[in-house]
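Below are two complexes that have subunit A in common, paired first with subunit B and then with subunit C.
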Partner chain A sequence: MPRPGFVLEVDRSTPPVLIWHGEGFRLERLPADRSRVVYAPEPLAPLRDPDAAIRQALVEPIGDSAPLPELLHAGMRLTIAFDDLSLPLPPMRRPDNRQRVIEAVLEMAAAAGVDDVVLIAALGLHRRMTDAELRHALGDRIFDAFAPHGALLQHDAEDPSELVMLGKTEKGEDVEVNRRVAESDLLVYVNINLVAMDGGHKSTSTGLMSYRSVRHHHNVKTLQHSRSLMDRPNSELHSSAWRIGRFLGKHVKVFQIETTLNNDAFPSQMAFLQKREWEWDVRDRATFLATSRGLDVLSPAAKRSIFHSILAPQAMTSVQAGEVEAVHASTIEALHRQQLVDVEGQSDVVIFGLPHVGPYNVNSIMNPLLVMCMSLGYFFNFYIGKPLVRPGGVVIVSHPTPWAFHPVHHPSYIDFFEEVLSATTDPLQIEKVYEERFATDEWYRHLYRTSYAYHGVHPFYMWYWGAHALEHAGATIIVGGNRKAVRRMGFKPATTLADALEMAEDQVGRDPTITYFRCPPVMLANVH
Partner chain B sequence: MKALQVERSVPRFAMARIASEWKAGAGGRYGPLRLVDVPAPELPGPGWQRLLPRMSGICGSDLATVDGRSSRWFEPIVSFPFVPGHEVVADTEDGQRVVIEPVLGCEARGIKPLCPACAAGRRRHCVNLTGGHISPGLQTGYCKETGGGWSLAFVAHESQLHPVPGNLPDEAAVLVEPAACAVHAALSRLPAGVTQAGEVTAVVIGAGTLGLCVVAALSRFREDVTRVIAVAKHPHQRELATRLGATSVAEPGELRRAVRRSTGSWVLGSGQLSGGAPLVIDCVGTASSIADALAVTAPGGALVLAGMPAPANIDLTPLWQREVSLTGSYTYGPEPSAGGRHSFDLAFELAEAARLERLLSATYTLDRAAEAIEHAAAAGRRGSVKVAFDLRREKKRSFE
Partner chain C sequence: MSISEVRERLGPLGRLGNLRRPSSLRDLPFPLSAPTWPASVPRPPKRSTLGVNYGTEWARRYPVRLARAAWTDMLTRPLVNAVAQPSVEGLERFEAVVGPVIFAANHSSHLDTPLVLSVLPEPWRHKIVTLAAADYFFDSRLKAAYFAFALNAVPIERIKVSSDSASRAQSLIADGWNLLIFPEGGRSPDGWGQAHRGGAAWLAARTGRPIVPVHIKGTGRLLPRGAKRIYTGKTKVTFGAPIIPDLPARKLVSHLEKAIAALGDEATTDWWSARSRAAKGTTPPLTGPDASAWRRAWALGPSPKDGARRRSPADEKRWPPKP
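This part shows the complex of A and B:
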């Protein structure tokens, strides 16, 4: 029986805790009697027969939806869209959930005589996936059956001939969607839900639409009023995405399939990363020491290469299919079973240790903007109720934060960092003065459409993702980061965690209360 | 009279060059510059006046001289020993504050008739820099008879004097000469047909005194320039460039990307741009700054060398392939694109409007010349812009 998540009150006998630091980790001792550590629940048992569970979900859908076989018929246009490489994290071992689900859908389509089937990677404004990444997500059989015939597409949010403007929502939000989707008799959306923000109508209204649509929910106002991003009823971003998704649903029949994973994020060789420190055995300690020493002598590129080769053993814990909102509600329940941890009250300081990978640097570099997005965007928003840190409190982030960018994946990030952040770090000012120019830059468009670059506007979203935290927290301190890069973002650099805690006292007073949110694995703090 | 003097001494120039390899500005301590007590210069001829400097700036060309790094090009058009200092605000004998226009053309040299360039007001193109009743010297501050601003007294021809408006402080007036150079560079003509849809991006490389004044001049006098990208290394330079009118500021390594963004260019292999900025003004003059400038100048565009260049090894292929116009911009004169107004008139206007006194970061007495030179040579790193000598409180400062 997996143990639930819990909060450890740190006392003098508490051993040092493991804190991620990019492509590495550190053991740090936290101040006794005023620190606590939030631990994730242990991995839930996976579905015993995921393929059978998928088939059952497809024939016994939830919400107002007919079983999938009844929606399929010869002569129809069927489009299957699926989440892109930003999920799951780290990438999971084969077979990926998407492969399992799409194979099941294709079997039913074949049985119904459907021969006009197109697969679309729902990139939204993310970079295109490489063939290897598509093969990993879909499996060789699907890739080889569809890609050579031009039936495996990647959504292009900047191709005017392949987008259709369906209209506006009641709030005036443009709904401009992928043409193939708009002209399909049925859209089957295949999702992997790693965090509570994903899934539901957000899948389609982000992954299959244009910048003109996405900008309605990805902006400073919605992000400042998404409290949190992981709590849909309290998220402005989701309210907008839901309106757009519902509007799409009036024009296109959508059959949503969502899956959840357990949080078994690291292979057995690195089991210590999942374990609570006082439960480390001799082998765990030896592995930690050997790994840490080994990493110390490697170059950043070599470390990156090793860490990005990690495939997670995480496995499917639930699958639900049918009408979008009913499916998503069920998904969130399953997700909460795995991720929710009850926490009493806020603290003066919260500590986040960032790992090597986030949604936007799979097989890439976690550049300073992604550090901002991961810490103040994702980690800060891993809450329901209220943030782990009090208003005006301090966020301490552990990450090397190199002044380094992947030139192919993140070209507009480089320009954003150089031009925009050297002028201002105020999200509203950034949005007002710079967003449109970057979003409509022809060179970025070209790179997004033909190379493997994120859309020109994407670095803006990284900054907006942290807009709520920027308003809420009094200061952000980054431990062990490139000082110049840290300062460029308006944060404070610190050499050690002890230094950072001392600096935090300037903001919150002496002997502050501290919460260390020991993530990964991913969890969600239910703060009372 | 107390003066800082540069002597023709090969060993001292050699020592300055070696010392400056180790530390920029070290030539002020080990080089050809010495604090001496010399007689005040005599009036060389009719129309000349005695002046008492109030403030005198340290220019990049002065630093190159003191550090033994000037081009040998200047050898025939200077005369030793000379007292440097051509950025000067001074008092005349009748109590007027003036800024001098240092170029020593036909009028100052007593040559008649004036050469065609001087007759047209373009003293910078004078062909008689070695003739007339004074020794060779392209400017005050490089001629042995005139003296220069780094002293308690010097002489200037009446044709060189520009009265300072009463409301302009000395701290701004001492920047009028470099500002006039900047105005002249900023008003450089654009080659026909190089602009696109009315959009003109100008790039200014370097954010020392000259670069910052060029930014200010572009902002004030060039309505056709829609965006100004300034290249600045240091935080205070970035801030000043923005305040003086730069639309955006880039660090040297960021320039190509900044120009790409501004001009909508694409990036070709090896980082080369498909387009570029129609007007690029290099206020640094090193091999790398000129190469950077060439890399971002649009096909058919203009590259203006405003900073005094050093000998440089540069790949001119882009100049050839893109038909870039490479022009020098030296000193000042009547500006055709400003209705014939003189660069100095425009510079006075700019000094007041842009509050150029904020560029004056530090002043020294003549006794502390070595410190002053070192400070000026490291101005950017030390958070400074213009360093000058303040002579207003020097003892023995009088016409007696």
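This part shows the complex of A and C:
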């Protein structure tokens, strides 16, 4: 029986706790009697027969939807869209959930005699996936059956000939969607819900739309009023995405398939990463010492290469299919069963240890902007109710934060960092002055469409993602980061955690209360 | 680079230099030593890895099976032949049976298991698991490892009914292993047999696999319970015809008990006399005469401690009485 999440009150006998630090980790002792550590629930048991569960979900859909076989018929245009490489994290071992689900859908489509089937990676404004990444997500059978015939596409949010403007929502939001999707008799969307922010109408209204649509929910105003991003009813971003998704649903029949994973994020050789420190046995301690000492002598590139080769043993815990909103409600329930941890009250300081990978640096570098997005965007928003840190409190982040960018994946990030952040770090000012120029820059557009680059506007979204935290927190301190890079973002650098805690006292007073959010694995703090 | 920076870079190993004189491993910093336990976290009850919880899967892996086969054939069998000088009857009675089967034997000595394993023909000998008392054979790591290796023993609860033990035995049968069970649940305390417990019959009824009754004669005199030394002498192992478990488990218990008693009768007298008495229902029970303690002890015959006298045929066990 997996144990639920747990909040440890740190006392004198608490051993040092593991804190992620990019491609590595540290053991740090937290001040006794005023610190607490939030531990994630243990991984839930996976579905015993996921393939059978998928078939059952397709023939017994939830919400107002007919079973999938009844929606399939010869002569129809069927489009299957799927989440891109930003999910799951770390990438899971094969077979990926997307492969299992899409194979089941294709079996039914083949039985119904559907010839016109196209698969689309719902990239949104993310970078294109490589063939190897597509193969990993979809499996060889699907890739070999569709890619050579041009039936495996990647959504292009900047191709005017392949986009259709369907109209505007009641709030005036443009709904410009992938042409193939708009002209399909049925859109089957296949998702992996790693965090509560994913899924539902957000899948289509972000993954299959153009910049003109995405900008309506990816902006400073919505993100400052998404409290949190992981709590849809209280998220302005989701309200906008829901309006756009419902509008799309009036034009295209959408059959949503959502899956959840357990949080078994690391292979058994690295079991210590998921264990509570006082439960480490000899093997865990030896592995920790060997791993951390070994990493110390490696170059950043070598460490990155090792960490990005980790495949998570995560396994499917639920699958639901049918009408988008009913499906998503059930998905969120399943997700909460795995991720929710009750936490009592806020603290003066919160500590986040960032791992090597986030949604936008799979097989890439976690550059300073992504550090900002991961800490103040994702980790800060892993709450329901109230943030873990009080208004005016301090966020301490542990990450090397190198002044390094992947030149192929993140070209516009380099210019954003050099040009925009050297002028201002105010999200509203950045949005007002710079966004449109980057978003419409022909060179970025070209790289996004033909290379493997994120869209020109993507670094802005990274910054906006932290807008709520920037407004809420009094200061952000990054431990062990490149001092110049940290200062460029308007944060304070610290050499050690002890230094950072001392610096935090200037902001929140002496002997502050501290919460260490020990993530990964992914969890969601239900702060009362 | 200063010394403190070097130590910092080395992490816990580097900080070792800060320690005065670690008098034991416990003085080393975590993670070089075991972590301390937070006062606010209750310690979970420690689950023993001994007794019925001892994992014996390793002993059924192929390299270990190969090593055990060599151990049994090159060490156990010659030793058993030297000490117990076994004669074997009835092997032909189960040669047509397709395994897995449950061998159920009477039990009076620690010699019983190696003796049965030594006299069993191939392929049974190397594809058999012995169900052994968890509280006795698996109470220390060394003993547990030895018996798991040498006898392919698997721990079972004999003190209380345990569904874990039952399901473990069932899964072994499902994996194709033959079982050796002593239905009396332990060695005889006084040299006579004990009433059977239901385990073997229940397993047979549950799995549908046949039971081969086995009678072991003579080991109780060579190494009885509580003996401090082992004596040499003759023993006899008699295998019976397989019992198909088409009876309810309760009836199967008594059927098996009678079958082993009949084999005991056969080992003491001859096949025809034993069959005749079995047909009349007059087979003497292995539990010995229903008499006072001294008469039961007397009926066992002279002790092997009495030196040369034990070799006299006249001093053989007097029960069942010869016709």
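Everything that follows uses one rule, which is that the second predicted complex is superposed on the first by the 528 of 528 C-alpha atoms of A that agree within 3 Å, B and C clash if a C-alpha of one lies under 4 Å from a C-alpha of the other, contacts with A are read in each partner's own complex, and residues count from 1 in each chain.
Everything that follows uses one rule, which is that a residue touches a chain if its C-beta (ideal position, glycine included) is under 8 Å from a C-beta of that chain, and two chains touch if they have at least 3 such contacts.
Values in this document were obtained by computation on a predicted structure and should not be read as measured data.
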item: Partners on subunit A (subunit B, subunit C) - clash or fit; value: fit
item: Touched partner set for A:Glu344, first subunit B, second subunit C, both or neither; value: neither
item: Partner chain in contact with A:Glu442 - subunit B first, subunit C second, else both or neither; value: first
item: Touching partner for A:Glu418 - first (subunit B), second (subunit C), both, neither; value: first
item: Partner chain in contact with A:Trp278 - subunit B first, subunit C second, else both or neither; value: second
item: Of subunit B and subunit C, the chain that contacts the larger number of subunit A residues; value: C
item: Touched partner set for A:Asp296, first subunit B, second subunit C, both or neither; value: second
item: Touched partner set for A:Asp11, first subunit B, second subunit C, both or neither; value: second
item: Which superposed partner A:Phe288 touches (first subunit B, second subunit C, both, neither); value: second
item: Shortest CA-CA distance in Å separating subunit B from subunit C in the superposed model; value: 25
item: Subunit B contact footprint on subunit A (complex, rising order); value: 414-415, 418-419, 422-423, 437, 441-443, 446
item: Touching residues on subunit C, where the partner in the complex is subunit A; value: 9, 11-13, 30-32, 34-41
item: Of all residues in subunit A, those that touch subunit C in their complex; value: 8-16, 27, 277-280, 282, 284-285, 288-289, 292-293, 296
item: Contact set on subunit B toward subunit A in their complex; value: 238, 242, 248-251, 254, 257-258, 260-261, 264-267
